[in-house]
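What follows is a single structure, written as structure tokens, with notes after it.
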Amino acid sequence: MSDYIVEMKQITKRFPGIVANDDVSIGIKKGEIFALLGENGAGKSTLMSILSGMYEPDEGEIYIRGEKVQISSPNHAANLNIGMVHQHFKLVEDYSITENIILGVEPISKFAGLFPYVGIRNANRKVEELSKNFGLEVDPTKKIADLTVSMQQRVEILKVLYREAEILIFDEPTAVLTPQEIEFLLGIIEGLRNSGKTIILITHKLEEIKKVADRCAVLNKGKLIDVLDVKTTSVNLMAQLMVGREVNFESEKAPAEFKEEVLKVEQLTVKNEDGFEVVKDVSFTIHSGEIFAIAGVADNGQVEIADAIAGLTKASGGKIFLNGQDITNDSIRNRTESGISYIPEDRQRFGLFLDFDLSTNIGSKQYYKKPFSNKGILNKQEFDQFGSQMIDKYDIRSGQGIKTQVRSMSGGNQQKAIIAREIELQSPLMIFVQPTRGVDIGAIENIHKMMIEQRDQGKAILLVSLELDEIMNVADTIGVIYNGQLQKVASSESLTTNEVGEYMMGAKHE
Amino acid sequence: MDTIIIDGLSFALPLFIMAIGGIYSEKSGVTNLALEGFQGFGAFIGAMSAVLIANASGAAIEDMFYVALLFAMIGGMGFSMIHAVLSIKFKANQVISGVVINILALALTTFLTTQINALVFGAASDKFRLGVSERFTIDGLANIPVIGAVFTDVYPFEVIIIVIAIFAWYVLYKTKFGLRLRASGENPQSVDAAGVNVYKIRFSAVLISGMLSGLAGMCFAYSISAQFSSGIYMGYGFLAIAALIFGNWRILPTLAACLLFGFAKSGGMFIAQAMALPSSFTDLFMILPYVLTLLLLIFFSKSNRAPRALGEIYDKGKR
Amino acid sequence: ACGSNAADKKEDKAGNSEDGLKIAIVTSPSGVDDGNFNEDNYNGILKFIENNPTATVKSVKEPTGDPAAAVQAVADIVADYDVIVTPGFQFAGVSSIAVENPDKIFIMNDTEPAPVDGQTEFDNIYAMNFAEQESGFFAGMAAALETKTNKVAVVNGIAYPSNVNYQFGFESGVNYANKVYGKSVELVELSGYAGTDVTGADVGGNYAGSFADEATGKVIGNALIKQGVDILFVAAGGTGNGVFTAAKEAKNDVKVIGVDVDQYDDGSNGSENIVLTSAVKFMAMNIEKSLNSVADGSFKGGNVVLYADTESTGFIKEEGRHQLSEDTLNKLNEAYELVKDGTIVPASNFNGNTPEEFPGL
Amino acid sequence: MSKDKKKTSLSYRLFWPIRNEKWQPITIPVVSILVSFIVAAIVILLLGKNPIQAFYNLFQGAGIFPKATYAGYKSLLTDFLSLLDAMTPLVFASLAVAVALRAGLFNIGVSGQMLFSGFLATIIVGYSGLDAIIAKPLVLLIGMVAGGLMGGLVGWLKYKFNIHEVVTTIMLNYIAQYVISFFIHMYYIDPVSRQSKYITEAARLTLVNVEFANLKMDIPLGFILAIVVAIFIKFLLDKTVVGLEIKAVGSNRDAAKYTGIKVGSNMVLAMIISGGLAGLAGVTYYLGDFASIQPKVLTSIGFDSIAVALLGNSHPIGIIFSSFLVSIIDQGSTYMSSQAGIRQEIASVIIGLILLFSACGAYVKHKVSRLKEKEVDRKDSES
């Protein structure tokens, strides 16, 4: 018997037009943190979906604790003490935290000794206890819809722990978290390992791997490249193995040359659906040739600012000027026309028509204009030609080229398609909300390069990001937001990472 | 005045139980336009069983009331299997499946009714004649002003419906089956990830909707004409769908919607009679329930929301 | 409601026999198995076939009930038959097909052929109508003589002449009983359901406005019963089922009088029966008669109204198919003779008499 | 071993059209139609009748095959024209359903919209005595506008008040039915037929009893229009900006909004188009095929069209074929029942079966693609 708790041998999984996992063999030791690394679409999620019973492999064998198994369902996986924290949470928004956690393993009480019912109250207590034990405090009666992303993630983790999983898989758990939350989560993960659990961690962030992982497998285009001992491998080597070339972590950029004012936001106020002011009295300007980044912890109003500028939400107060024109009450279309590109935070919900093909999606911001259409008639050829160009230019990988249904593309490639579409609009103002979320480092490098390129061509760029590194890396000017208010606006050279962090936490004001 | 309540209730309750069936199905994520077909087919099986059993056993058809109800439920459930298999196993479009089932139910039941009558009774009659249902009045309570009407001339099925409705409420909101069912309509992936078989849940939900619709169809058959014929397809299945959407896919508000339909309907008839207008005007009063519904929806519809995964074909591979 | 099996056998034979009369019956959506109007016509054909075994019949159902569609349905099949029987008013327009197909014979019931270029009678159309007012008259008398509450009512479908005839006849019968036998029976009408006849005149009565609306039938039935009516004459097709149900549920000795055919079987209610008697027209007999005339070559086209003098109208008096008292039955039989010999001429839709004033009253 | 291979390759070739994705939108419905006819044949056999003859009669009745004998002024041609006449409203109605469906809306109010537009056209033009040259276009116009308004109302209520279109359309169906019944009874009743009075020939969209070569034909003017409109709708959906926007709204409302598409107005627009098509169905039905309106009756076309639209894959050209097929069965059933002695309901059962089997098309596709994957696997492992 080997000392591996999990062994996947020669796993192959095919999807139409693509081999997602190609003869992959890995072994994971009990009590280690094992990382999976690879570009978008390399097959990480697929491999783990196989381990957690979501997919069945076309070929290959799986051994758990030395025994050969065929994991036919998530339930089966759970019985083998395998639990997966999915990147896209699988939560019922209308349900409370407890209801979500107990779904499938409901504790039953009996009413009058006769009528069985779901014993929510007991469960609440148990969940509360569990959450305290692992340092994941939650209010079990709260509805998922009312939770922040990181809270939702806690629920996902609790779900797995509630089922007494021994092998925990995390698929890009940090992509949606703030630096503080990441810090916290990594702590939790280490804690779990220390309590004897085995962890598999998928992430694009090498420093996280470096920090917590023991070993790391690198996948590329479905193939296993290597399994590395993290302690003895440099971040640069990991990156190189993964992308197949050398990666620059620090974006090189020439000093900014601010030209005319492009965007001017004056005393902007935005209310959410409940009439609560989530953006308060925010003013700033962005110039041609400037990357203006809004730094802040999630849910502090930064997305609403971007939405208000793009016209997705109404401003309840204040004014927005684009190139000197008041666009506060313009329609979305008019704003696009006046020169705004926008990469939304939730790409599947706002950015894409998942059932349309790639070329239609890439052309979906220009379809009503020449040459994509003429007098209301579409020119399909133009869509295809443009699509093909973008696929080449932005290295968008998919099974069937421009005809691929976008739904079947990997998350990172979906993101690339949006980026291609928005940059190609050549708008004077480009709004990037979390542009690199879930994107592999090679692609991140590219995106950063492109942003800087655009800046150098005289575009004004508004970057909203939760990743401080990214902001420090590319921004010319940083505005730090806390609780809907801009705490500090200053050039990036004049701020240190620490300072920004303090403003973000509301610990420091101007 | 009493008639409004008495007739209103005897119409609203079958509608309600059918709508509950719809809620089960739709809450589990399966669009169900087939209620109309289920209720008709259920009533067909119920009436046919009653007639055949009475014939075979020599019992009086009047005594077959509960037999009819029982078999109607079984029949509705059996027929709903088509919708379940088509829309869950064969991943058919749920809308087309529902519509087809309605077409099929009407065609099959009219065809089979004459065929079976010819075969068994040697007379190709197009209906199964049932005995009328007894109605009872609870003496003490019936004397209370206004409310008393609720306890007057009650069909036994009204009581049965209320009992089943309470049970249905309990199952949907209190048991683990209900918890899983509602989750299947919101986010089937989460149910699947929790190791619960979404297909099975949805399958049972559709069967329940068939069962309850069958019951409703039988009740309509009894309360309107004490027979089964193709006249049973009066569009009440669609009305039940309207009621459950009006009720925002929740049982209690749906009850309110059904009562509104029932009382507005009997009230419209009553007003038409009471005002003694020429008969053409009766038609105008008949629009009362529908206009009222639209008006009320204008005020109450803002926050209505269908189950998130309603109508989505659940495919494990798809995330 | 008998002998559909026989019909099937006949249909089977259709393949082999070449020389027999080929008959088709085209009906309204309720079909030949409606246990009522259509079926009675159909039975006439079956009776004919029993005596002329080479003849065959096919029944065709027109599914919409729309007059234009009805004509189309006949046109679709006319080529393959010798005789087409069309029970129901919506087939009036078939006259145009008759003109185009002079070699085919058409037997209509319950309507006169629609005029074609001013022509109203056709050599190849035999259109029969019945004096429903006579049958209705007996129903009215029976109701007035048997009522205990002294309140009776008639429920109709649509105020077509046949229905108005039944209604006026019924009212005539009630008035007759009041006057001749010293009764004081009241006719109850719900004002919301007054009928409008084919000339647009208001004829009162209780009209549901449809022959296929059981729910409304029940509402009307209940409303009448609530007003104390204990005998209802129901001439409303499928709508009538609703009235029957209302009467059955009422349980306090409410009775109905059936229409067109013997409806006694529809009235069974547990160990009891709610059907007092039925006011009938003897359609099967007349259909058979006219088919016979086709078979023996004596067929003559024309539009006829059939009265009691040919035993074409009347009521059900067979033992065990009615619940009339001995006394009532005698009085009805007396009246029957008077109607037959023309002493009593009950009011009809268009005969100029009114229920309050008609010969014989 | 080699035998085995032969078998697979034969079945492989046999099923090639179903495997080929390009042909699937056509092959799958065709296969389901075949299968359903086979099942229907079994049913007919069980009834002791000859299915081949029955089907032949069906097609004879519909004017596809010639009948043995024809009555005066009738021929294959007249039957065929009647078929087209009956098919016309079904094409429009199914297009109405399809357009709404593409926008993610479910128009089950086609019947009500048909009735409303048919009624308005009837009272405005049908009784007006206008010349045909003005009356006929006017009927079409009124039909389109009336239906469009009613459809638009549904869209607007959804957009403005979030009222589910299914509820609105069901309610409006009832309301239209009763209100129009009231008006017909009050003002337009033909006391004899108990329907609305017959409209003038000039206003009719079907030229009735046109005598030609000793035939009396009903020429459905609307049919040509239906084909033209279907092609136009295909063009609209596939090739125009408006179509793309409608489909975008149907595919992902949030993304559509973000793209700058006015979601609300597109929903209303889609419903206006859908209602307008339903209106055309209404006028070709009530002022074409028929010439009067039965009060308090909703035509079943509005519901059948949902299934027909889906059978046609919500694709305008597919819809022409699926309506053609369904109309054949509908029209031929009278003749079939009279000839073969099979009850007419069997025709509806066949239609039901066809729809049932084609509803499983997605499953077949799914299965086939699975098969293909396996095939690829096998080849891979062989090589």
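By letter and in written order, the chains are A, B, C and D; residue numbering begins at 1 in each of them.
Definition applied: a residue touches a chain if its C-beta (ideal position, glycine included) is under 8 Å from a C-beta of that chain, and two chains touch if they have at least 3 such contacts.
Computed from a predicted model, the values in this text were never measured in an experiment.
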The pair of chains with the most residue-pair contacts is B-D
Among the chains, which is located farthest from chain B on the basis of C-alpha centroids?
A
For chain C paired with chain D, centre-to-centre distance based on mean C-alpha positions, whole Å
38
Taking each chain's centre as the mean position of its Cα atoms, how many Å separate chain A from chain D?
46
Based only on mean CA positions, could you tell me how far chain B sits from chain D in angstrom?
28
In whole angstrom, how far does the Cα centroid of chain A sit from the Cα centroid of chain C?
77
Contacts with 2+ other chains: residues of chain B:
114, 279-281
Which positions in chain C touch two or more other chains at once?
8, 196, 209
Residues of chain D touching 2+ other chains?
185, 296
Tell me, which pairs of chains are in touch?
A-B, A-D, B-C, B-D, C-D
If we count contacts the way the header does, which residues on chain B are in touch with chain A in the complex?
170, 174-176, 179-180, 182-183, 186-187, 189-196, 308, 316-319
Could you list, by residue number, the parts of chain D that touch chain B in their complex?
106, 108, 157, 161-164, 166-168, 170-175, 178-179, 181-182, 185-186, 295-296, 303-304, 306-307, 310-311, 343, 345-346, 348-349, 351-353, 355-356, 358-363, 366
Chain D partner contacts - residues on chain A that touch it in the complex:
14, 16, 58, 310, 312, 331-333, 335-336, 342, 344, 349-356, 360, 364-365, 367-368, 373, 376-378, 380
Listed in rising order, the residues of chain D that touch chain C in the complex are 61, 67-74, 79, 82, 185, 189, 191-195, 216, 289-292, 294, 296, 334-335, 337-339, 341, 344
Residue ranges of chain C touching chain B (in the complex, touch as defined):
1-5, 7-8, 30-35, 190-196, 202, 207, 209, 212, 214-215, 217-219, 222-223, 226, 238, 241-242, 244-245, 248-249, 266, 269-271
